[in-house]
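Below are the structure tokens for one structure; questions will follow.
Each chain gets a letter, A, B, C and D, in the order it is written, and its residues are counted from 1.
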Amino acid sequence: MTDMAEMPPEPSGWLSDRELQHVRGELPILYVNAIPVRTDAAGEVTEVGLLLRADDDAISRALVAGRVLRHERIRDALIRNLEKDLGGVALPRIPSSPTPFAVAEYFPTEGFGAFHDSRQHAVALAFVVPVDGDCEPSQNALDIVWLSPEEAASEDVARDMTGGQHHLLRQALAHCGVLP
Amino acid sequence: MTDMAEMPPEPSGWLSDRELQHVRGELPILYVNAIPVRTDAAGEVTEVGLLLRADDDAISRALVAGRVLRHERIRDALIRNLEKDLGGVALPRIPSSPTPFAVAEYFPTEGFGAFHDSRQHAVALAFVVPVDGDCEPSQNALDIVWLSPEEAASEDVARDMTGGQHHLLRQALAHCGVLP
Amino acid sequence: MTDMAEMPPEPSGWLSDRELQHVRGELPILYVNAIPVRTDAAGEVTEVGLLLRADDDAISRALVAGRVLRHERIRDALIRNLEKDLGGVALPRIPSSPTPFAVAEYFPTEGFGAFHDSRQHAVALAFVVPVDGDCEPSQNALDIVWLSPEEAASEDVARDMTGGQHHLLRQALAHCGVLP
Amino acid sequence: MTDMAEMPPEPSGWLSDRELQHVRGELPILYVNAIPVRTDAAGEVTEVGLLLRADDDAISRALVAGRVLRHERIRDALIRNLEKDLGGVALPRIPSSPTPFAVAEYFPTEGFGAFHDSRQHAVALAFVVPVDGDCEPSQNALDIVWLSPEEAASEDVARDMTGGQHHLLRQALAHCGVLP
């Protein structure tokens, strides 16, 4: 209920749900996490985009996230998952360097590290992605909210995020030099 | 024959060989790659360590590499694989930041990207790791050779490496500011 | 009174105090900032070292900091300034990559950016530096205190730091994956 | 004749030429270096832009470069220098993170490190900057040429660059994962 696992179903690549269930017990699963941002003309982050989700009975805020499929480049996994969560006209600017600014290790055991995902051991390569176009929530999100860096780093927002993703959000703000 | 797949068998985690074979057809597999280096007192890289391997009928040079197991931290996967390839007294200094300096995407299709692994789609988080102690080749390597940055970046060495790993080696040298 | 300028006098290179005063009005001055850390065997940061200073009438906490001199490598400036602030047996492990994890821009105008130094426009290349040896405060510091990442990120510590250095400290914790 | 010093005169901030001459003998001078790139829709670098210059009697290729002025943010120094060298409609996308991918240390003593500038000790923060618009050479350059990553990394191009800038160019290609 409080992990990245709560993310909506997604194209499973060449895996049936049952197979995915099985390999999750065997191997770490590779993900991408993206933090969509608005920037000013000088490249400075002015706003951070968070997805608003209704899971079971609670509202939560989440980062863009999704699996990397077999034979898919990380760049293409980023594009596909940004499109899935922000729609087709968000115009994301995929970084020219494929190196993530951080790696988030989600463990199924709560308290083992900063990130938690009850379904699996997921390792997410995390990227800050400026988006220039219009973002519209997909069927999996109620809305996309844009927050200032100060709001995004607040305890209020941290409380609304699950699986430890507020840590990654703060890492992203620090990386961009806008952590309060 | 010329890919990271040539790496020796390793602890398979909770996977039998047959199971590993199976999931390799389904998902990208998470690896770590490590470039062991000697540094001087000012931290500058003076030598790079490469493994010497006898595969089938050819001698090749390779980076330290291995899978990340389920529920294993990247740090611990680094330690385990460095120990596997360099022995127990290499005294590696695992980086304080868990962010790789590069990500190598090995695809099973030759020519699709810079890295190739005929067995699987492997995504390797790559780290430069200073080692202070004695390194002794494990049963899987004939020897460990220490090269100057100039030698390591040479075409001769590139020819002896497989799966595109010479690209990653040069990325490491560039990252450390010692690419000729 | 509340800026990096409060740092003790240091070898002025080839500049008299009056000359330094003059060029500070003309050019950005290049600094290094270092965050000394203790790490465990897996490289994870367990403690962060802060200098305790008595400035005028207040006690403050500070990062290791100092100018880069003419014809001095950044690596050597790091070593010299770490020695100045932590003593000669701290055994710092200077990073193999000369790229800083962050750049702190200290402006003389308060409120113009996150960092402030009333004396000058200083641009500091920032590094996390594991230290293995004993640290003893130089004449310029009362003490060196070692804090857990949680303590280091606290509001209490932020209040004791000047010039915005608590931002850089939090960036360092985020970079190492230990920002609470 | 073969250093970054060959760069054309530029706005000297609050420094007369004579003053600049003077401080160059006293302090390291802070620069930015930029590598302009064209990227495809997935963010991958497809072309690298180099300035073509006629210095004295030789033609050379150069990166975008210029000083950081007093009280100028690095972001703004990047924009100003990109505009100076590529014109006003290049539409550079300044990175959201102010951390350089590399730092180039140009020393006045030839052979002391990889970078050389006979006029001064210059420390350049280096950034890869995707540009979407039209680039037109300023009065200081004969032309801007766009090369594939393979061409940019070639020995031919290295021979045409001065001050060791081909090292930085290759570091940039490595950082973007397109070093051959």
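By definition in this document, a residue touches a chain if its C-beta (ideal position, glycine included) is under 8 Å from a C-beta of that chain, and two chains touch if they have at least 3 such contacts.
None of these values were measured; they are calculated from a predicted model.
Counting C-beta pairs in contact across A-B and across A-D gives the higher total for A-B. Comparing B-C with the candidates A-D, A-C or C-D, the pair whose contacts agree for more than half of the residue-numbered pairs is A-D. Centre-to-centre, using mean CA coordinates, chain B is 33 Å away from chain D. Centre-to-centre separation of chain A and chain B, using mean CA positions: 28 Å. Chain A and chain D have centres, each the mean of its CA atoms, that are 34 Å apart. In chain A, the residues that touch at least two other chains are 73, 98-99, 101-102, 175, 177. The part of chain A that touches chain B in the complex is made up of residues 13-15, 19, 23, 25-30, 68-74, 98-103, 105, 107-109, 112-113, 121, 123, 125.
Across the interface of their complex, chain B is touched by residues 102-103, 114, 167, 170-171, 174-175, 177, 179-180 of chain D. Residue ranges of chain A in contact with chain D, taken from their complex: 37, 39, 41-45, 73, 75-76, 79, 93-99, 101, 128, 130, 175-177.
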